Each structure stands twice: as C-alpha cells, then as structure tokens.
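Consider the two complexes below, in which chain A is the common component and chain B and chain C are the respective partners.
Presenting the complex of A and B:
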C-alpha cells in the first residue's frame, strides 16, 4: 500500500473531469466531439488492460491515497479479477456509448449535457466497483442512483420520463440506504469496512450473530439495484431514457452493480443455508418473470429490458448456489451478457433511429437497407441464444454443468434455467431477426445504414462476443479465471471448452433449450397473446403498486403534517410550554432533586418593597384593559427589575435596564396607539384553566429549579478568574465591562451584529410594502377617505364589543 | 434572598407564559418582554446575590476582595438585555405590519402560511 496518487486514481477521477469539459467540447466540435471524448474511457480501458497480467497471477492490487491527511477519509482501491473485469467492461463499453451518443443525439441541443451525465455516471460506476472501502462503495453506489436519475429523466418534459426517473431513484436509492445500514453493521462486527481486509477473514461474518440482518440489508441494496422480482419494475420503465443510456445502464453497469455486490461479498457472506435459499429463489423467480414479461412486449427496447431483468435473475441465482462451477458459469455469462446486451440495445436504437419505430410488429425486411446493423445484431443474438461458437454458448454450458443434478433443488434450478434460456433465445431472435428478415414493411422513415459513430459499438461488441469464445483459452486465463477466483474466494484455474469434449448432461440441456426456444420463436405471436391475457387477468403489478405507494406516501405525509402542524400558533406555544414545564419539572421529581423547604428570607424592608412593586406591575400587565395601563404596567415591572439589579450590586445592569425599559415604553406607545388591545382577555373558562395550569407549571417549575440550584454550593471558579485577572491582564477595574469588551469581546461583537440585523429587519419591514396594498391605499386615498375611516372605526368597535 | 427572588422569578415566568398563550398578538408581545426579564433575573440569581457591592476593583488594589458581586452573570445579563430589547423591537414591528396587512391581531386567524383548508399536494409526477 503506498500513499501516492497513481494512474488508477487518475483513471477514477478522469470521467468526472471529462464530465466538466464535455459541454465545451460539444459546443466547439458538435456531435463529432464524441470522437475526442471517447478517448477518455478508451484511455481508462488501456490503463486497466495493463493490470491483466498481475490479476491473472491472482494478485489483488490495493492502494490508498490519503487525499486529506488526518481526516480519515482516504480513497483506496482494490483491483482483482472481479473489479478488473467490471472496470474493463465499464470503460470499454463506455467508449462505444460515448461514440454512439454522438450519432444518436446528433443535433440535439443538449448533447453536451447528456455526455456530461454519461461521464458522471461512468465515474460513479467505476468508483463503485474499484473502491476498497465499503463506505466509499456506498457513496459511489448512491452516486450511480443520482446520475442514473439524471440520465433516465433526460427527456424531462415527458411525464413518463419523470416518472421512470423518480421510480429508479426511489427504488435504488432506498436500496442504497439498506446497504448503508448493512455496511455499518459489518463495520461494527468486523471492526473494518475495508474489503481487502474483510476478504482475508472468510467465515467471520457468516458466524456472527448479526449475519442475518447484515445479509438481508445487503440483499436489500443488491436486489433493488439489480432489479430482482418484485422490485424489477423500475428497469423496464427506465427505457424512457435515450437509447445510449439504456445500452449503458442495462448491459454492463448500473443494474450489474447489485450483481457485483453479491459477487464481491460471496466469499465473506455466501455459502450459508440462508444465502443459498434466498438468492436462488429470488433469482429464479426473476428469471422466469423477466422472460415471460419480455415475450409480451412488442417494443424492441422493452423486450431487451425484460430479458435484462431475467439475466440478472439468472446471475443472482447462480451466485446464490456458491458452487464454484456455477460461479464460473455466472462469470462467463456476465461477460457474455454485457457484450450481447450492449450490442443489441444499440442495434435497437439504430433501428429506431433509422426506421423511425421500435415496434417489432411494424418492422421487417430491413436487412438489405441496414446490412451491418443486421450483422452485428445477428452475432449478438446468437450469443444471447447460447449457440456456438459464441461466448454465450460457453456460459450456458458452464452454468448448466454447475446447477445440474437429480435432487429436487438442482432439478428445479435446471428447469428454471432451461425455460429462461429458451425464452431468452426467443427474444434474442425476435429482436435481431424479426425486423431484418421477411417481407419488407413500410417504416415511418426510409431506412438506411446508420453512421459509423453508431455502428462502431454494436459491431465491436458483437465481435468481442465471438472473439472471446474463439480465443477462449486467453479469455479464461486472463479474465474469467481471475474473476471467478475473486467471486469464489479461492484460486480457480478453470478450463473452458468451446466445443464439448464429451456428450454430457449440459450439452443435452443446451440442445433441449435451443429446441424449445426455436419452437416458441415460431409461435411468438400466440405466446404473446397468451401472456397478454394472463397479465390482463391479473390486472395489478408492482409498477401500479409503486404509484399507489407514492400517492399514499404523499397523502400520508399531508395528513401527518396537518396533524402536527395545524397552523395554529397558539397550539405550538402550548406544546412548547408544556415541553418546557416537563423538561424542568420531571427531572426534579424523577431524580428526587426537589429543594428543601426554604427558610423565610431575611430581607430589608425596601427590598420587600421592590419585590412588591414588581408583582404589582405584573398583575397590572395581566389585567390591563387599555393600552395606557398595559404600557405603564409593563414599565413598572421593568423598572422594578432595574431596581433589583441596583440593590444587588449591578449598577451597569440597572442603567441598561432603565434605558431599555424607557425605550421599550416609548416604542410600545408609538406602535400601540395603532394596535388595539382588547378590553378583556378573550379566553373561555376552559382555555383559561388550561393556560393557567401551563403558566403555573412553567412558573412553579422554574421556581423549584432555581431554589434547588441555589441550595447547592456555589462554584465560583470562573468568576474568581475574572475577579483576579481583570486588572492584571486587561487593565480594567470595572470587571463586568472588562468581561464584555475584553475577555468575551467576540461575544459582544455578536451581540452588536444581532442588534444591527434586528435594526435592518425592522427597516425592511417598514419599507417593504406589497404593491397590492399600496394600490388599495392609493384608491382609498382618492375616494372619500373620511367615509372609509368611519367604516373602519365601526368595524373595530364591532369586533371589540 | 435567593428564595424570595426565586419566588419572584416564578411569578415572572407564570405571567409571561399566561400572556403568551393569549390568542392576541399584543398580549403575546407583553409576555415576551416579561419573559425576557424573567430569564435575566434567573441568570442573575443563579450567580448568587450580594448586596450593594458592585464588581469593581478599588483603585488601590490589583485584585478585588471576594465580597464583591459576581461579575459573570452581570456580563451575561447585560448582553441578554440588549438582545432581548432588539428582539422585542423587531417583534413589535412585525406584529404591527402583520396587523396592517392582515387586518387582524388574532393568531388563530393569521393563516397565510398554513391555511386551514390547504389542499393535498398533487400526486402525479
């Protein structure tokens, strides 16, 4: 572990820097600026390629950059087979997404902003998979939620986009909070939140008494992000985003974050009974539900979106088995899925862009007009269908090998996987062949081949799906093996075969899958109609449930607010004073600190006199029924307080109090002549009793508290300091003044600031008059002013009587 | 002495709270003034009372005798008096302007910020 900034930290920061510059680049170079911008992710890709040999050797490279020494917030990263694979996918696919965006959004006035969001997301995603510290992981995790909110809601003038964006944010953000709670628990149990340290202690978390809550909280994060049933609904809705976003978020990045998390914690949380029950069940359900829902769709992007849900389910299911071969299958499938799904989304976007529609029933015969698009789509679809010689085939062989068994749980998993994969083939073919083959169908736009910017992605990605299988030995040694080792937590050196050496169960399962898939593909229309009928019969889904939840939440908070903030100041005051009384009285009573019965105070007669004046003043204030009495009575109690200060050795206070009281009386007299004081205190008997009780409780409380305090011995340490040092240090003989201007001079500055701000606020209040009122006054002046005044007086008399 | 002052402070608080619970703004304002005095006296009495010897160091000595009044609460209260006065002046102006704009001094009918029949917020997106 070194403490310096190295290339990887620069790679982590690079997307954020690119995000800042993207709008300027686009402003200067137009949509071709994406050629320049794509160099950033391409550079990151090349940088991470350099780690391949090290991670292939099984090494995990960790580094810490203490960017703010002493604060304990270092940035640290961990690169092993798992994070390297993700880093390469994110930067590699990201390169083509940036290019594709330039073509897809050509001429869009906000292309710069769009690319900026894409880069922000890329940075967040990269930080998430590369961070060593779980808290940092969480921060990037939430950052992906926020940036995906921006991306999904990019067409913010459309209500559906806004809804999809909010939905994604609520679901994934909520999951993020769950993850945070889980991370804090891990920190408490293990004493560290560094993954590199945690990974050296397998079994620590599994045997902890907090294992179950930790697991459930982590799953809460992973299942929301990776759209597991029944929280899958946000993912298809997120298709409202522009296609580059869908291709990026839903192939290798955003939705894979949950899978990444599960794979990452598999060695430290996996391989327990509860793990291998929850994950396969939810994963399997998601796989089946996802594929079935995909069949029903006619929109190319939605079909792909639901198969993404299904693929995520498959991955979760495989990770849940904690079986090394199944994990190897998951690892290959993850690579395969990222490549073919990214390519297919871009193909769907190309079709939409060039032909003007994404509805599969309105497309056909585009192969002649768009041969390259068709070629790329076909390669990707064959990989998705799991046919040789593509990486998808290798993945399927391996995962069947991992889950095949004759006992009931294995059989259930196998059947689920076969059905899911067969339906995946159906959708893959429907997306990649249906629009291109068959009779030519009239499309809204005359279709022709897309621009190079847009073709680069699907072509390269689908070829990668082929090449990674053809050069399977290289892929498995350098990428798949190290990644599988990280996920399994032990060093694996798997041997994958593109062509099976012997006829085993997995090959037969593959053949069955393809057979079922092809049969269903040719009956797609009736299958779709059947699914449609079923869903119509159910009539409710989690998507609708989300709306009900959100409007319920809004209404609930509205009701709660009405309850605790009814808008009556009087009620707020009552609550505040009741709380004050409770805060003063309850500790005295509960902690048995009530004061002793006091002796009769020994006081001089004039001191009693001043006390009596104060009480009389207060009584008069309470009973005042006109302005003059009120002002005079208030003055009486104020001057009585001043006299008290005078008697008890505080001449400074006394002078100030006299001055302030005088000023108060003057100001009050100025204002009160315009404010009416009702003759009587208009309170009902019940209200008088409640208010009186509260008043007695607060007053009595402070009486008892003060009595109790003054019965304790007095600690004069602080006062003695000022008494002793006033002349010695501050050269002043009036100790109070010395404290104010010297020892606590800054406090006095604060006090002056308060007075100044109050003065400014008063000035603003007097000067600021709403125009409406001024107009009304002007009208009133112009009309018969005296009549108006009489009416006003009559009104006042009415209300006062 | 402290006992008598404590009782007086209790009465000050009682009066202040009762006035502030009134629905009419002018009584609330009177209550605020009384409350300010109550708190000032509370701080003052907390530092114990000494008769008639102000906290001033005589000319001929460097350190005053410990029999002087406690200077610390006096410094605190001096600040508090000024602040509560400016606060009072502000509140008074606010009340006056509110009365001008709303034609009422009853806090139950001052409902601009939180109207009684506030509609539920929209539930769409």
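Presenting the complex of A and C:
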C-alpha cells in the first residue's frame, strides 16, 4: 500500500508539466509542436494500458504517498476497472485532441496558451478519476471547472463566450461546493474519505440517518457537472469554446465526471428507494428534453451538444436502476459515447474549418471534397444510431435488456429510452450525412480535405468504435467487465454478443428504435419547425432563468454592500477599533482577570530616554498642525518602540519594526500627497471626545492585556525546544529565522502568499480612476494593515521563542 | 524632494541598500536578518530611487514588473518545499549540502532557497505598491 513516487504519480503530474512547456514548444515549432506535445498523453495512455491485466479480475490497485505526514492528507490513487476506463479515455482521446488543436488553431497567436489550458484540464480530469481520497477528488473536480471556464472563455473578446464561461463556472463550481459539503458529511459518518476504505463497507452510508442529505449533496455535484435537466443549459452555451474543447471537455470527458461520481458511489450509496426514484426520473427527463432540443437546432455543434446532454441523462437513468445488466449497458454506452461523440465533434469542427459554416441547412454534397472526413463521420454516426456492427449497437442491446419489463416503471423507462435513442439516430444522421450527401451547396469557403493533424482523431476514434465491437470478447474481458464490476460493487464476468443469438425483446426494441428514427429523420424539417413553435409558445427556459437569477444576485449583493459598506472610512475605523477594544477589555473585566499593578522596573537612564522619545512622538501626533507632520511624528513613536525591542533583546523584531515604520511613513505620506485632502485634520469637539475615548480604550486594553499575559506563569517548553534543536537539526543560530523558514516554513509559505495577494489587490485599487478617491484612502490603510499584520506575526513568533 | 543632492546620491544609496539587503538575507540563518527584513530593505531602496529620480527609471532598472518578481518569489518558495519530495523525504524537510567553492565550504540549503523566495515576495509586493503610489500623474 505504501509507496513513494511511482510511475503513476508521474503520469498524474505529467500533464501539468506539459502545460508549463506547451507555450515554449509552440513558439519553437509552431503548430507542428502538437506532434511533440501529443507524446505526453500518448505516454500516459501506454502507462495505463499496463494496468489492464491487473484490473481484469475486478481487483483495484491502491497506493498511498504520504508526502506531508503532518498534514494527514496523503496522496493516494485507486485504479480499478472504472478509473482505468476513464484514464484510458482521457489520455487516449487527449492525444488526438492535442493533435487536432494544432490543426484547428494553426496560426492562432495564442495556440500555446490554448494547449497549456488543455493540458491543465487533462491533468485535473485524470486526477479526479484516479484519486482515492474524496477531498482530493473535490480539488480536482473544481480544477476541471476552472479549466473549463478558461477554455470556454478562450475567445474572451466575444461577449457570448464570456457569458458562457461564467455560466459554466457558476453552475459547475456551485455544484462542486455541494459535493464538498457531501464529502464532509461522508467523512463525519464513515470516519474516512478514502474511497478504497468506503467501498469495503457497503451499506454503511445507506443506513446512516444522514443518507438523504449526503445523497442530495452528491447529486447536486453530479447533476450540475453532467448537465442534468433543469441545469443542462450551460453545456450548449459552452459550445462557444473552440471545437477541440467541445470534443474533449464537453462531450468525451469532463461532463462525464458527474456520471463517474455516481458510478463510483453506486456500491455505497446506490440501490435504495430514493436513489432509484431520483436518478431515473432526472436522467429520463434529461434524455427526452435533450434530444427534443437537439432536433430544433441547425448548428452542427449545438445539435451534438444537446445530444450529449441527452446521453448523460441516459447514463444517469441507467446507473439509477442499480440493476447489473443496466449498469453493464451504461458502461458500454459510456465507452461508445466517448468514441462516437468525440469523433463527431471533430468532424463538425473539420466541416466548419474547411467549409466555413456549420449550419446544417447551408451544407450539402461535401462527400466528394472531404471523403475521409465523411467516412469517419459516417462510422461514428452509425455507432451513435446503434446499428451493428458498432459498439453503440452492443450498448443499446444491453441497456434495453437491462430496463425492459412489463411493469409500469420498467415500461416507462423503456419507452423513454426508445424515444431518446430514436431521436439520437436522427441527429447522428443529420450531422454525419446531411452536410456530405445530396446536392452540392455553395459554402463560404471552397471545401477540401482537412490536414492529417485534424483527421487523425475522428478516423481513429470512429474506427475504435468499430474495433471494440468486432473484438468484443477482448473488450469485455479487459475493459467493460472490470468497469461494470467496479460500478456494481461485485465481480461480474459479463458475456456480450455482437450478434444476438436469439430474438429477444431487446432486439425488437432496437428494430422499433431504428424504424422510428428513420421515419423521423426524413421528416426532420417539419419536426424542427414543430419544436420551434412549441418552444416559442413556452417562451421561458432555464437559460433565461439563469440570467434572472444572476441579476437578482447582483442586486441583492449591491443592496447588502450599500447597507454594510457606506463608504465612510471614519465609520469603518470606528467600528473596527470599538470591536477591538471590546474584544480585549470585556473578557478581562467580565472574567475578573484584571492584572495587578506591577512594580516600577529598574531602568537605566537611556532606557528612560527612549521611552521619553516615544511619548514626545505621541504628543507631537496630537499637536500636529498638518497631516504630514502627524504621520512623521507617529514614525518617531514607532522608532522608539523599535529601540526598546533592541535594548531588551529582540534584534530581529527591532530590525523589522524599523523597516516597517519607515515604509509605513513613506507609503502613508505618498497616499496623502495623492489625495487632495485638507492639510489639517478638522474635528469637532464631540468627535474628538468620541475618537479620543476609543483610542484610550484600545490602547489601555492592550496595555492591560499585555500586563496580564506577563503575569501568567511562563511555559518555556517551546523556547527550550527551539533553543535545543535550532542548531542541532536546522543548522541555524538565529532562532527566529529558523522558525520562519524551517520549523514553520509552511506557515510562512501561506503568509507570503497572503502578502502577494494583498499586493495584487492594493495594486488594483491604486489603478482605479482618480475619481474613486475614497478607495485610494482604503488602499493606504490596507497596505499599512498588511505590513502591520506581518509585524504581528513576527512578534507572535518572537514570543514563542 | 528632488534636490540635486538627493538625485545625485540616490543611485548610490539604492545600490548600497540593495547590496546590504542581500547581505542581511544571506546572514539571516545565524545572525539577525532574513528574507522578510531583507525584502523590506530592498523595497525601500527602490522606493527611494523612485522618489528621487521618478518611477520610469526604477521600472527600467527592475526589468520585470515588481508583481512578477513577487510571483516568482512565491514560486521559488513553494519549489523549496517540493524539492524535498524528490529526495524522498516529506514536504518542506530542510536539505543541506556543503559544496566547497575555491576551498571555502559553503552551506547551501532548501531553507535558504525558501528565504530567497520570501525576500522576492516582500520586495516585489512592497515595491509595486510604493511605485504604484509614486507614479500618480500617469493615472
């Protein structure tokens, strides 16, 4: 179980490393750089192929790398049939997507950045499906949402792209938060969030009183990611992304993350009444709505996008039955769908790229000009339509077998599936045959065959759809069987047949599907018009609802901000200082822990001198007749304190205090000269009294607090530890520095990250237009606060040493 | 503020302060000093240069945008922790080597790399704030 970095961890890291190098490779080699870059996913694919024999028996391989023992968060992976299938799809299809991107975006100035994003996504998706720990799954889950955001918004100068990107991020990111809540509940109920441990305890979660909230929260994650009705609207909008993204993220891999999650937790959360009610209903609805909406579209990509929604619905519906045969159907369908939909998207992109349009009504007769594209599209469409001898046919046979029954629920599922599959055939044929067959139509560009870079993907994927069916025995023993076993939670050794041995219900259902599909295909135009009328009659959709929701949210936050942030610095400072004074003083008074008055310490004359300087500085602040003098005078007091630190044995702290005081004065003075404030501080008598009281309360409060702290018995455990070990194990005599960079290095890493982020925020505020003067004032206080905060940190660590 | 004396001495003062800041950074493990204070000194050096000679010369002298310097620092800081992983020890374990350069034994360590990261973050962040505030006309 325990291992350090092994090959699989490197395979998980590889896409991230490739992401860092992609822009340089493209700069050197141009679009042909994608040949070189495609070696990365190809290598990962080969690596994972090596696991095929190990998982064939339905076993899972788990490995833990405890990279940070103190954190209690080891990196671990779990490879079984389910994750292996996904890993192979992600790296296999990813190889061709990288190639395809090189051709599709040839000459695009940002190709390097694009490939970088693709690799980041690849790494995130791979991490998601291979992680054993649910928290890690969540992190990768959100990373896929973020990379999807970057890729959808890639053409960021287009308003539609930006909207689609934000929409996808809000929906899938929001779902991710729901998933996180679910994971935390699982952790609380089961005491672990390792999948490999959870999977050994089936029934634990199902019988828990928290089962319903856990399930609903998980479904919140899965349904948003896998675009289930009524949250499906982001996926068609995501088609604003360049076509390689649509083919990769929004059909073959990312949108299946939700299905993956459901399949993964099926053994531990599935097979309950509520599971088998919610999933089939939402899945079935999504299937029907998706296909109907697809019929209405004329844009090739949108037609495919809506059928992707439908296919995801079908998968959710099948997983929801928790029936082993239906699960086997879902497993085959998932493989089939990734292959044919990835290929069809790439075909649509090729048509768009070579002919200049992807409106299906403006295309026709391209077969002569683009024979290879046509061939690949046709093979994929036949698989999508569920015709033999393609893997899509095997999938449909199996899933019909799984859900067929004469009782009402089974009947409902069967009818839903038949209608959905028939419409799927219609769209598949419309995408793959309409643009290529029939009379030649004038297109914006004179069409010709695409480059090899772009043809490789659709050709190989559609041939895989054929080969996986022709060598069905191999596929089922090595891929489908192990995957079905993982999903079902028991070892299955299914036998699938490409050609049915006897005429059973499923074969008849298949024939009915094909018949309905062909009839509808020839009436597509009137069907489309009818759908158009219906949707126009309804007039409202979730997409519009999203806009209403967002504008409501903006309005609400606007009102809240108006309420709690009136924009008056005075008020903010008063509230902050009053709260500080209360937090310091109230516990001391209420708990009766006021310190005793100490004896006057024996101090040397120069120590008194320094103290006097501080007092003089403060007096100067109060009597200053302009603001600049006040700021400088405050600096005097700060320097005096720094001197005191020096005299009483804290050179590091004193050093830092000197620099911080200097910089605070410089920055404050700069801010003051930027703002055309009154030179002098005008305060009414009333305000002087209020402000003075607050100042005395805060200052006095801290005085009392520090006094009572020093009167507590001193625990020297920590200081002894550091004094003893600083030189011995950290090789440093400066204990403060050793603590900062070694003993507590991770804390410091967090702190410098905060410093950098605060810097960015301040920079953004400075750059605001001069008309926003109030904000600039806030800048000064923020910068001052962040510097002061760091001194506080240093002080805290000084006191521990 | 831009008197002839100040403008003439500022470049020397700045270079001395930057040199001193590096000295403070490197001695930090054994004597008072370290990346944080070193970064503050360097940042104030550039702030002084900016006040004396205007912001554009400082930006040209720094070559990179101060925020990129801060970002690089954060990256180096994180990298210092990751190096340990490749040595097969837990994240952020300090590693030391003692190469001999010109006959003098020099102690190099991942905590030093990390401290350099801290130095760059503080330098970049504070310098970008100070320079941003100094170039007011351009806004």
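A few comments on the model shown:
What we mean here is this: the second predicted complex is superposed on the first by the 566 of 801 C-alpha atoms of A that agree within 3 Å, B and C clash if a C-alpha of one lies under 4 Å from a C-alpha of the other, contacts with A are read in each partner's own complex, and residues count from 1 in each chain.
Just so we're on the same page, a residue touches a chain if its C-beta (ideal position, glycine included) is under 8 Å from a C-beta of that chain, and two chains touch if they have at least 3 such contacts.
This one's a predicted model, so the numbers in the text were calculated from it and none came from an experiment.
When both complexes are overlaid on chain A, the residue A:537 reaches neither chain B nor chain C.
Shared-chain residue A:758: touches chain B and chain C both.
With both complexes placed on chain A, chain A has more residues touched by B than by the other of chain B and chain C.
In the superposed pair of complexes, A:666 makes contact with chain C only, with no contact to chain B. Once the two complexes are laid over each other on the shared chain, residue contacts for A:651 go to chain B and to chain C alike. After overlaying the two complexes on the shared chain, residue contacts for A:731 are found with chain C alone; chain B is out of touch.
Contacts of A:766 after superposition: both chain B and chain C are touched. Contact with chain C, but none with chain B, is seen for A:746 once the two complexes are overlaid on the shared chain. In the superposition on chain A, contact of A:674 is made with both chain B and chain C.
Contacts of A:591 after superposition on the shared chain: neither chain B nor chain C is touched. Shared interface residues of chain A (contacting chain B in one complex, chain C in the other): 651-652, 656, 660, 663, 667, 671, 674, 733-734, 736, 740, 748, 755, 758-759, 762, 766, 770. Contact residues on chain B toward chain A in their complex (touch as defined above): 1-15, 17-27, 30, 33-34, 37-38, 40-42, 44-59, 62-64, 66, 68-72, 74-75, 77-79, 81-83, 85-90, 92-97, 99-101, 105, 107-108, 110-111, 113-116, 118, 120-125. Within the complex formed with chain A, the residues of chain C that make contact are 28-37, 40-41, 43-44, 47, 51, 67, 70-71, 73-74, 77-78, 80-81, 85-86, 88, 90-92, 94, 96, 107, 109, 111-112, 114-115, 117-118, 121-122, 124-126, 128-130, 132-134, 136, 139. The touching residues of chain A, counted against chain B in their complex, run 159, 162-163, 166, 550-551, 554-555, 558, 562, 565-570, 573-574, 577, 598-603, 607-608, 611, 614-615, 618, 621-622, 624, 630, 634, 637-638, 641, 644-645, 647-653, 656-657, 660, 663-664, 667-668, 671-672, 674-678, 681-683, 691-692, 694-696, 698-703, 706-707, 709-710, 714, 716, 718-720, 722-724, 726-728, 733-736, 739-740, 744, 747-748, 751, 754-755, 758-759, 761-762, 765-766, 770, 773.
Listing the residues of chain A that touch chain C in their complex gives 4-5, 66-71, 651-652, 655-656, 659-660, 662-663, 666-667, 670-671, 673-674, 730-734, 736-738, 740-742, 745-746, 748-749, 752-753, 755-756, 758-760, 762-763, 766-767, 769-770, 779, 783, 787, 790, 794.
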